[in-house]
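Shared between the two complexes below is subunit A, which has subunit B as its partner in the first and subunit C in the second.
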Partner chain A sequence: MVSDVATRPRAPRAAGRTRHRRSRGVWPRVWHFLSFGAPGVLIYVCFVLVPIAVSFGYSLTNYNPFNPPTRFVGLRNYQLMLQDDAFLTSLRITTILTAIVVIVPNVLGLGIAVLLDRRGWLYNALRGVFFTPMVLSSVVISVIWTRMLQDDGPVNQVLRALGVQDPPGWLSDPDIALYSLATVLCWQMLGFCVVIYLAGLSGVPKELMEAAAIDGAGPVRRFWRVTWPMLAPALTVNTVVLLISAFKIFDHVQVMTQGGPGTGSTATIAFLAIQTAFVDNHQGYASAEAVAMLVVIAALTAVSLAVLRRREIDQ
Partner chain B sequence: MRDTAPPWARPLAALAVGAFFFVPLYVGVINTFKSPDQIRTDPIGAPHPFTLRNLSTLLTRPDNLYWASVTNSILVTGLSVMVLTVLSATLGHYLARSPSRWGRGLMLLLLCGLMIPPQVILAPVTYVLRAVGLMGTLPGLVLFNVGYYVPFGVFVFTGFMRSVPRDLEEAAAIDGATRGQIFWRIVFPLLRPATASVLIFLGVWIWNDFIDPLIILGPSQGTTITTGIFRSVGVWRTDYGTIFSLMFMGTIPVLVFYLFLQKHFVKGLTGGATKG
Partner chain C sequence: MRRILVLGTALTVAGGLSACSVGDQTGGGGQSGGSGASGSKEITFLVFETDNLTPKFWDDNIARVSKKVGVTVKKIVAPGDRTAYAKQLLASGQFPDVQIGLQDLPSFDNGGNLATFGDSELSQFLCPKCSAIKGRTVQLPANTQTWQVFYRKSLFQKAGISAPPKTYAELLADAAALKGKGIQPFVIGGNPSWGSSLPWTGTLTTDLYAADPEWMHQRREGSTKFDSPEFLKATQKFADLAAKGYLNKKDLGQSYDASQAAFLDGKGAMYPMGSWFAAASDASKAKDDIGIFAWPADDGSFHLPSFTGGGLSVNAKSPNVDLAKKFALAWQTDKDYLDTSAVADALFPAIKGYTLPAKDGTVFKAVYDLYREAVDQKATVPAFGWEQGDDGMIAGMPDKWNLTAQDIITGKKTPKQAAGYLDTEWDKSS
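And then the complex of A and B:
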């Protein structure tokens, strides 16, 4: 490589020149990594990659810090999981919740973004209102909504005033609590969708809309034929972000319902994994649950990204 | 929206939807200024009488709940964000300037971290922290935050690094500047918009984090704002005065931060969304 550099200095400024300037040997590159790359990589490895490997390792054991000895049990945790009602229920309710949260804020967010896509102080102020939940802590949002939805809370006060005799127990009825939880997350994520769709709408060229209008396309036709295809990247971002945030929902469950009412009516998979690990101390089994969660989330993200990206290109 | 709709239809509809959406925010703010009795019986009405008693009680509590929580939150957020900025800027620069197979592999490994839920790694993280004696301490939480959020920082910085011309760095290298000097004197100041994004997003996220401080700081080792609110709900379920004033005072800092930097916040969020 040294001779390579030695023969080159006279050469005209070719494509190869910049590429070769840096390769004066291996030590400068090692030093570059040690000084610039290594600190961040090291902490990332210690606190993310190693824990994932450890999780995977422990998922093959019966590890319980208060009940030694720890033995290797192979895939038994995974076999147990597939027959475990608590785990299967958590998977089912997490799926329902994720489906609601992916669809509702996407649809409402698009509608509201179209409504707010104008200039003026009113629309700016309203954008601020819709975006505020994005900077609030999930804990704060959960506490406020708990007060809203309690049996004697404002929601039921209004319903009673409207003449509803026996308003539902939004957080105390095992059949309803999951949907209350989904509503809260939808409310929290709505602002994000609005902002992303507004940004997408601002990228639609005015001339294109005017040309379509001159060609005789009505507002509905203009929206579906011109605007909607140009919102494809916004739809991708919203869907993937909603998918991930809904699937790993934990804070709201912990604050609002503690997994109840009843047995596990709102115990999402993230909540169950934390309970199993830190309350029941079955850390081996909890690791298997965590690994399962990671696999599902990775698969969901990969598939939805692939599908939505292809859709972007097709349009 | 029909072209034939009257001109007042859109503002009216927007206002109605906005007002409906605003109700929970209103409930959160208004109850801070009511007597605990009124919060219990009338959570949605106007304060009657208007009172600052909840706030003054919170700020003068003998157990120092607010001041201890807010100090911990400021320390954890401030330290995490500072370390994260330095480490992800340098790592991002390294990756952007190392387009080898090794650099690309490293980048991919980091990007995987963007979607890992904290619940998956928290139990093993506690073993790691216990092994180095940092379990239950603020530095332990800061270290975890740095590891967990460094992929996001790197993602933002490498994306932005593409707009920084390489020629500038090469010219400085010819003039004899060291790599550190080139980065900190020339490149880093050019990355200000990326730095702003990282500071804003990670600042808000880390301030609002709940499960990480709950597990890592543990029950005995002090609280942050979020775990403080959670524990108040658990211990004094009906002490609404404390809960609502703590939420109010704990949100003010992040809300002020947001109001000042709202434009940056939205710009950072939508930068990747529209280009796809």
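And then the complex of A and C:
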């Protein structure tokens, strides 16, 4: 009874306090959002969404800053693009480059991560070695590799020393230049894949591996049945990051080949868009190329994510 | 605490909104219009750096000329292709007050972005209407550059060649002799792509421009095409040089610096290049072993590709346009600048009454003498791919022409296909 008396008058007060808390609870949340979330949102809106919207707007015009006036042309730029050999070639080049850069570092990165998934100073040092290209500027890497791959550069000097009479023109042969470029990109992205897979490997419970071993599973079976399914999230991250990085590649092309040798050898969509905008001055058309690139990247990323996430759930 | 949060939020929103606001897109003046440290007006000046045109070269000349004019100059160095960079600056409303050596002038001039220099302002220039656009001079025709073939005398001797070729047949015979001795006949570059097209400039000089110096005007009017007999003949000659291995396809992976070093290191016997290479030649150990000759014609007639222009231009929308023009004119007629640019970059000043400084440079002297000889014989013709203004290709085409040269060298395109491609691209760009 005492307790009843004690609690009864408290009940409405408690309810009132809750209401008060709720009413007081909204504003701090708003303030917290404005103070912590707003800067990020504003930056994102200003530097991502607004430029994308402006680019899309330009892509519907014949905008050429050197040849006014600007007129609305609707979807004509997109129609022209689908018949433009230069754009279709750059789309093919970019797709080949992306396929190589998504597959090779993923496969090699997984293998190296498995080999480096041990304790000890040597393994720590090797992890650092593999990750170093990732932290270097793309321009620095491109300059270094351009020197390495020149006809009389270190790569061909080694080949000549090994008895190769006529080593390839790594950057001068239009049939090889794209693959040289892809190799450099793979080399740079390899460290990223290794680190992500190492993080994934560290999350594989030892108990599962031990249980599998007790059940008689050998190293290969343990990898495919236990480790590989547990690495599904790492595969998703690597694939999506590599896909986006490769599809919008520009700086390596600019420094190493400038889209050449000749026409249609290594000109990716991003490189072509810059050329169209600032050499040919067709900024409306270049905006259409950039929007097309964005749409393709978004579509490929969405499909990859859907497929890889389903795999994560299935596992 | 709440006050701090409110203040922080307000500042963030204000900052964000100001970042979103659209800036002045008029392309006028960039960061000009301010007052320099001394209280004088400040103008911006777009320059570019090379092995020959070093930061010190620009700083020394800017310091001297700006003092003479009484203006503070803010130097902007183009990070790469100066013309593409200038276009980016213009598109973002930061077009500098003064620029040097801009290419694709008609594009810049289309929007009324370049100031016109009047006849009285051009009274000191030898060729006031060189590189003019519809009769208007928007870039000071300050210097002349020429294109010729540099060759290594010792390598010629090694191949049993006693003198440089006078006819195209002799050039082919010499190239064959050099190749027979295991010497690479020509050195070219690939990156930037214009390093690959210089032999094509040579064949177009003798087989196209020598007969018809107005060819490009006709192409602009649409009365001729790349797919014309005279253009194809010159292109076939260029393609044959590649097919015979006289041009090394692997050189296409070579940068400009690397190609220059390759020639100076004796890795090839002939190097078609602009007059500016004289400076590097004279600075090298091989200077006494380097000679020059003009690209030879079938009949041995003498023609030298040359270009006069490439000087300073002024932003017509600059708030300090008069001051910028005053600076530009003072720069282009400054004796010390003319001397240093002639010495550093083998730019031959096209200024009345100017005489070159006495210079201890055998290659420089040889290049200049060849130019004077061409002027005396009225043998100068436009340099294909390097023309400007009404004399040049339309926007975007020089790059496509240079890349097409690489396609011809690698055998990816026949001369006929190359000409067809250029015509198609021209139509798309116009």
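In the analysis below, the second predicted complex is superposed on the first by the 271 of 315 C-alpha atoms of A that agree within 3 Å, B and C clash if a C-alpha of one lies under 4 Å from a C-alpha of the other, contacts with A are read in each partner's own complex, and residues count from 1 in each chain.
In this text, a contact is a pair of C-beta atoms (placed from the backbone, for glycine too) under 8 Å apart; a residue touches a chain by one contact, two chains touch by 3 or more.
Computed from a predicted structure; not experimentally measured.
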item	value
Subunit B versus subunit C as contact partner of A:Y58, first or second or both or neither	first
Contacts of A:D280 with subunit B and subunit C, given as first, second, both or neither	second
Partner chain in contact with A:Q165 - subunit B first, subunit C second, else both or neither	neither
Partner chain in contact with A:S35 - subunit B first, subunit C second, else both or neither	both
More subunit A residues in contact - subunit B or subunit C	B
Which of subunit B and subunit C A:Q83 touches, first, second, both or neither	neither
Which superposed partner A:A298 touches (first subunit B, second subunit C, both, neither)	first
Contacts of A:L136 with subunit B and subunit C, given as first, second, both or neither	first
First, second, both or neither for A:C46, with subunit B first and subunit C second	both
First (subunit B), second (subunit C), both or neither touched by A:G200	first
Intersection of subunit A interface sets (partners subunit B, subunit C)	32, 35, 39, 43, 46-47, 50, 146, 254, 278, 283
Subunit B-touching residues of subunit A, taken from the complex the two chains share	18, 21, 29, 32-33, 35-37, 39-41, 43-44, 46-52, 54-55, 58, 112, 114-116, 118, 122-123, 126, 128-133, 135-141, 143-148, 153-154, 157-158, 187, 190, 192, 195-196, 198-200, 202-203, 219, 232-234, 236-237, 244, 247-248, 250-251, 254-255, 270, 273-274, 277-278, 283, 286-287, 290-291, 293-294, 297-298, 301, 312
Complex contact set, residues of subunit A against subunit C	31-32, 34-35, 38-39, 42-43, 45-47, 50, 65-68, 146, 149-152, 169-174, 177, 254, 256-263, 275, 278-283
Subunit A-touching residues of subunit C, taken from the complex the two chains share	2, 5-6, 8-9, 12-13, 15-17, 19-20, 27, 80, 84, 87-88, 90-91, 107-108, 110-111, 113, 190-193, 196, 248-255, 258, 262, 267, 395-396, 399-400, 403-404, 406-407, 409-410, 412-413, 421, 429
Touching residues on subunit B, where the partner in the complex is subunit A	1-3, 10-11, 13-15, 17-18, 21-25, 27-28, 31, 39, 43-44, 87-88, 90-91, 93-95, 98, 106, 109-110, 113, 115-117, 119-125, 127-128, 143-144, 146-148, 150-151, 154, 166, 170, 179-180, 183, 204, 207-208, 210-211, 215, 225-226, 229-230, 233, 240, 243, 247, 250-251, 254-255, 258, 262, 265-266, 269-270, 272-276
